[in-house]
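There are structures below to look over.
Look for chain A in each of the two complexes below; its partner is chain B in the first and chain C in the second.
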Partner chain A sequence: MNEQITRLPAVVIAVVAAGLLSVTLVADVPAAEARINGLSGATTFNFTAKADHLSTGEGSVLLFWGIANGNGRAQYTAPTLILNQGDSVTIALTNELPVATSLVFPGQTHVSASGGTAGLLTREAAANGGTVTYTFLADHPGTYLYHSGTNPEIQVDMGLVGAIIVRPTGFDPLNPTAYGPPDTAYDNEVLYLMTEMDPRLHALVESQGVAALESTDYLSNPEPNYWFLNGRNAPDTMAGDGVAYLPVQPYSCMPMMHPGDKLLMRNIGGGKDLHPFHTHGNHFRLFAKDGRLLRTSDAAPISDLATYEYTHKAIPGETFDFIFEWTGEQLGWDIYGTGPGFHHTCTPDASGFDLVTKEYCPDHGKPIPVQLPPDFEVAIGSHWGGSPYLGHTAQMPPGAAGLNPMGGFTYMWHSHQERDMVNNDVFPGGMMTMLMVVAPGTHIH
Partner chain B sequence: MRYPITLRVAGSLLLAGSALALTTSAAHAADFYLVARGFDATLPDGAVVPMWGFAECDATFTSCGPTTSPGPTLRVPPGEPSPVVLNLHVRNELAVPTSAYIPDQLAALSPVKFTDAMGRARVRSLTAETPAGGDGLYTWPDLRPGTYLYHSGTHPQVQVQMGLLGVLVYDAAPGVAYPGVPYDAEALLVYSEIDPALHAAVADGTYGTPAYPSTFDYKPTYFLVNGAPYTPGTPPLSVGEPGDRVLLRLVNAALGHRAPQLLGGYLSLVAEEGHPLAFPGERYGTFLGAGTTQDAIFVAGAEGVYPIYDRMGSLTTNNVSGGGSYAFLSVAHNALVNVTPAPLSGSPAAGRPSAPQQDLTPGTPDPAGLDAPADRGAFGCGAAETGGAGGLALMIALALGALVGVRRRGGWRRS
Partner chain C sequence: MNRMLRTAALMLVPALALLPSASASASVFVQCPGDTDGDAIIDHPDPDHPHAKCMHLAAGDGYAWMADGSELYVFGFHDVTGVPPEHVMMAGMLAGQVPAPTITLDEGDELYLTVTNVGMVVRSDLNDPHTVHFHGFPNAASVFDGVPDASLAVNMMSSYTYYYHVVVPGTFMYHCHVEATEHMQMGMLGNLYVRPRQNRLPDGTDLNGFTHHTGNKYVFNDGDGSTRYDVEFPIQLGSFDAYFHVMDETFQPPPFAALHDDYALINGRGYPDTVNPNPLPPSATTGRVSQQTSSLITVDQGQRLLLRISNLNVTRFYTVRTSGLPLLVVGIDAKPLRGPTGVTEYYTTHSLTTGGGQAIDAIIDTTGVPKGTYFLYTSNLNYLSNSQEDFGGMMTEIIVQ
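Right after this comes the complex of A and B.
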């Protein structure tokens, strides 16, 4: 589908919204607009483990232990490594933490460690300046993670966890796939690294050091109270990559897509707890776990054991990949609006969808089946753009939040363990973000 | 020294004599004789915790192996025509009624109810109870192959946590776990946990009182694999040679979930809760829910020690890091396959006062047998030190059944 779109000349859909606004949508629809932010183009990394402080969604701060690329500030989550299948990867780790640390690479099968000292799970870099070097061969495409292999029940909670993405052999940025087979093709991709922190642990480590944990039950009976996506709590999940006010939490987590796009979600259970990942708006096609396609055999050309879910239990340490699609099919009303000012056409393809707008043509021209209430009868949410129709906005009362200037449709995506949607007991927050479906041609960033 | 697995059959059936007569003539029966007893477990940090466990005995209960938690691994000999009957003969030396229960193996159950203070009929046992001081027989008429958890079916929210648990192994054929799932070697990983406060409350009779009302507030601080928290220096489980199909039998008897994660390789998940999967799933970790079992094939490409540890963080022993649910699989050429130490090194509880037991359901009297004295059995560290009175057959039965460990197809390489 996407290939067909990209071959089309730019299509201009002119619509005139009710009221004062006139919105012009230019559908040049470049392929694969949204990419996961991370370190790409390198196979050798010099990392430093060090302490810093992060900002939580309700405005508090927590001590964390993170990974710095080079010797800058530590970041949470650790740098996302974006590799190519077949890369021989070297990670030199210098440890500036007050305790020994290490890194393990679940799912990588040619890992070797040199230097440092022997630990339980791998070789470790000694406290206060020790070094260790890891190498591995990224011989399979997919979504993986890496994290501390030294007392992970402490150090993963403290922040030493990050994502690894391995692009398949022959990766084409204009026609990307996650694993190579055609059913793993996508238009946009988003990382969704789920973690949590127990603030008691962080406060105690900051005030008294790690050894003080032994006189508590924080490790045997953790009570996390912060939940993160890509190292941020909601609402910060929805801020852009690298915003200045989150200097050690560079990674955004806000999926955006057009109707008909294939949105690849790379999800990782990075913490110690289960997180049932739940999408609103549609189910999704789960096709890989732990960096391996769900298929009947290695000879199967596609992930023929893929399943459809709308909530997936993310297991600590597990990665899973799925593709989410949204078209508005069978909503029963015209998502682009009806009546004066909303003229548009719908030319169905064999599946019933307009090639450009992805409108479901059997619903074309059907009015929205409710009488829209006037502004003074409703509480206006921050993601309301003033119009129920995709790509349209309308004038709103002064003070309305206006976080939806593109007139998109907004769906909450979150952990369905609803406790995870707070920031230290303050709702809403935590492991939550919004999917924004925007009109064709709207730039996704 | 090699002990053919068939010796286990001989041992079992020899000891089973009289019980065989109870079954239909066409069915092959495996009989096991378990005594439920209290014992004291000494944990790596020196803590002594009163536990309940099972010991395997001869058919007259005159000679028994060590009392352990997990209890003896019950290995039903494969290769007999269906149906195969399992008879568990239970002698209850605890001060409270108990029973034996195997989730997802079919049996005729006789739940036991009591009437609570509000006049409601409530279940306290999933099947018929064996009273304190009494004997009971539990029969499964048509065993299904697989890896299963057996445990107390009476007040399981307390009795399983006290240690009344173990593993049943029944292969589809010798060296074949499930149809189409052959294996060369195996390792058993049984996860359990201890909240010492619960054990103390049961022992001193305060369980069910405001001091420890119920397992609702259960907070384990010891996390065990094969009956012991990991301690530094514990040798890895030797699981064979590179290229071997190693069957990992994963069993979670804890109240909490586990997520065993393997480093350096992948697992092929072949069965869940005794049900073979149509298509094995390839993954480096798995979710092992409370009370569930899974079977996975691990094929190591190279020699090495492969950690498998709980990614959910039960990696402490009494809140000290570096313990808990770590295990290590050693793959080496010309490997001698180890037998792991018996679970839960402990000490005999002789001289420990038999504490009065209170009802295990909060606020409701349980009149059955609370005043029977607890006969805490002798406890040893390994089969080699005990069971001498039972003769060679019993020794072999204990070596194969009582120990949680690693077995190679065709028998033991070394014990």
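Right after this comes the complex of A and C.
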């Protein structure tokens, strides 16, 4: 037992309830609504590496080194670049850090560096004002990362890591695909850039400078005690994009979807540790790794070597993409409720699902098979809507719940290495967030 | 000091046991179609639920033996199926099992799984609720998913019945999801697997050139007999941090940031306890038997042996390997290793690497394998140890006879 964090994720205000007590099922909202936040529509970027402080999930503060877009504040994680296949990309980097730095772009081609000074992995921008320019060709769609190429054993932990998304040739925002083939089509997408920080390292760099690390074993024996998704620890992962109280951690990490939607997950191992990544709610279909489709040959029309998993071994430096779907198929009871106040219809298509609501019709009208205990016999979760039925809420005791006003079904998506679900010594936190499946017709953004 | 705490805590047992009878009948409440007396045994099968299966678990605490002879305080589930409701609290208290009782299901079952929170007797200050998370359950509903943040978690001396319509065969697992880092490190971890409908085909059914015979068992509905096996063993990989358990036992805050496991386990035991075919002896503290699951694997030469590997440790990845016995990996995470168009991706290996929450189905064909004793052991070799004892750890024996 430990102190429960009571700060309210801002997602409560980032979603719109579609009627609280009784939802009439309406047409599914068209595709392509939930998108990854980042820099899109550009191929030239002026970045500045600089120091700032971030806020951890339990309220501590860590010095970090990040990337600022233009002259803004540094951010963690670095700006997500959303590119189009075939883009020739130029990144001009100015370095305001007290040490030399650089950027590398694993998985991109025709990478070149100009200006700056020679470094080990690439050319570097000198400390305190040096500059360097990188160019590369984004010639392959997919999910990638970029990070510091200068003392990455220190600088990536310090914060110099970000995501790159390359849209496929012919990308249609109204009918998006991750790679082009039809089995990579999706309705919503979410980024999970997984990283960790060793707070000892950050404290030492802040108090004594990076050279002091030479007399420690922090690099050979790291003790990461903060685990991040898109630069935030839970519960901040569930706050909206760009919330004011996280000024240098702009990226949310809370997937949302409707039953029957295809949710594209882009997952990046941005740190140094393995993490078993688990999706509550259903299996997923993993169809690409490191920006390449899993298929027997390039001629295969779909990813015929895709695998179905419920936990994936996420490896540092690797990216993977999967599609997650959820319908409640064959649960054996009507997830939209039965009896007075729960009227809805279900017209099955050939596969048994209502074309509009994606309800699984063979279970339509079947009551929930068990009765739930009275409120005083249970602890009520903050993401519990008060009702077992999708799109419904019910009155709960004062102070209970509150983060699920639309009556969604909430599923934890997290590192199943559960020690990663802690912010230093405080549970819960870390590499954890929630997927929320909301009733058909409920708006997502 | 430690012993005094235990003794003091145990004195609370009779006091607690009086409470349920004093607080009316709402506390222990089993829901099971066809059960007339509340013990989770079906007395008169309900024609509306011919495939109902009921189970009753008590969630609480207890003690478990480590293979170096030390005892660790644990949280655990105890199987109280068949216990009359008025006796469930006494039967379940201080009886948490490591691993949790194995749940074996058949595709098509309706599982009514009642969990009664019998309290953590040693931690009299700790009024934690508990849940069951059926890890990997497809198309789960949040109300039965067991995540306390997203649903309801049952308080002490109350019951919660989970309902699962089981339609996907394979190797799953279950665990408590309350304060997951703590409750899982403390041991609330169970094997769970589902046998496929293909097992029940009529004798002589043709499966694309493979002839099914009554009694054949398969991992999946493979359509070709390629996942047939003769004997199966659930292998739960796990590990405990003794310091964490001592802190929990002695009323200290859980030392999350210091987590470092030092007892590596298979089905809740270190070697050589893993090859003890019997339940381990009763706890010296409680007198309860808490470690029922042997990992001694015996197989007749020529048989196909299925290992249902699951990993529920909370701190690291483990690799296990076999000496001399190739492993044919046919499934992961309760799915056959086949692509969307049916491309078979089975592969042969001698090592399996999993992190917490991952499962692998691997078949060992012992045809032509010389009789003898083989080992399944971690190749993270430092974990061939029981804490300070330079021997043991995550290892068991496979005897081909």
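In this section, the second predicted complex is superposed on the first by the 416 of 445 C-alpha atoms of A that agree within 3 Å, B and C clash if a C-alpha of one lies under 4 Å from a C-alpha of the other, contacts with A are read in each partner's own complex, and residues count from 1 in each chain.
Convention: a residue touches a chain if its C-beta (ideal position, glycine included) is under 8 Å from a C-beta of that chain, and two chains touch if they have at least 3 such contacts.
A quick note: this is a predicted structure, and the numbers were derived from the prediction, not measured.
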item	value
Superposed partners chain B and chain C on chain A - clash or fit	fit
More chain A residues in contact - chain B or chain C	C
Touched partner set for A:Leu305, first chain B, second chain C, both or neither	both
Partner chain(s) touched by A:Glu214 [first = chain B, second = chain C, both, neither]	first
First, second, both or neither for A:Ala379, with chain B first and chain C second	second
Partner chain in contact with A:Arg200 - chain B first, chain C second, else both or neither	neither
First (chain B), second (chain C), both or neither touched by A:Leu121	first
Contacts of A:His53 with chain B and chain C, given as first, second, both or neither	neither
Which superposed partner A:Thr296 touches (first chain B, second chain C, both, neither)	both
Which superposed partner A:Arg35 touches (first chain B, second chain C, both, neither)	neither
Touched partner set for A:Lys313, first chain B, second chain C, both or neither	both
Shortest CA-CA distance between chain B and chain C [superposed frame, angstrom]	5
Set of chain A residues, in rising order, touched by both chain B and chain C	274, 294, 296, 305, 313
List of chain C residues in touch with chain A within their complex	26, 29, 31, 110, 112, 126-129, 133, 135-136, 138-143, 145, 147-155, 158-163, 165, 167, 177-182, 184-185, 253-257, 259, 311, 314-317, 332-335, 337, 339-341, 343, 345, 353-359
Residue ranges of chain A in contact with chain C within the complex	1-2, 183, 223, 225, 274-276, 278, 280-283, 285, 294, 296, 302-311, 313, 326-333, 335, 368-374, 376-384, 388, 409-412, 416-419, 421-422, 424-428, 434
In the complex, chain A residues that touch chain B	104-107, 109, 111, 120-122, 149, 151-154, 156-157, 213-222, 272-274, 289-290, 292, 294-297, 305, 313, 315-318
Contacting residues of chain B [partner chain A, same complex]	219-221, 223, 232, 257, 259, 261-266, 279, 281-287, 301, 307, 309, 311-316, 319-322, 326
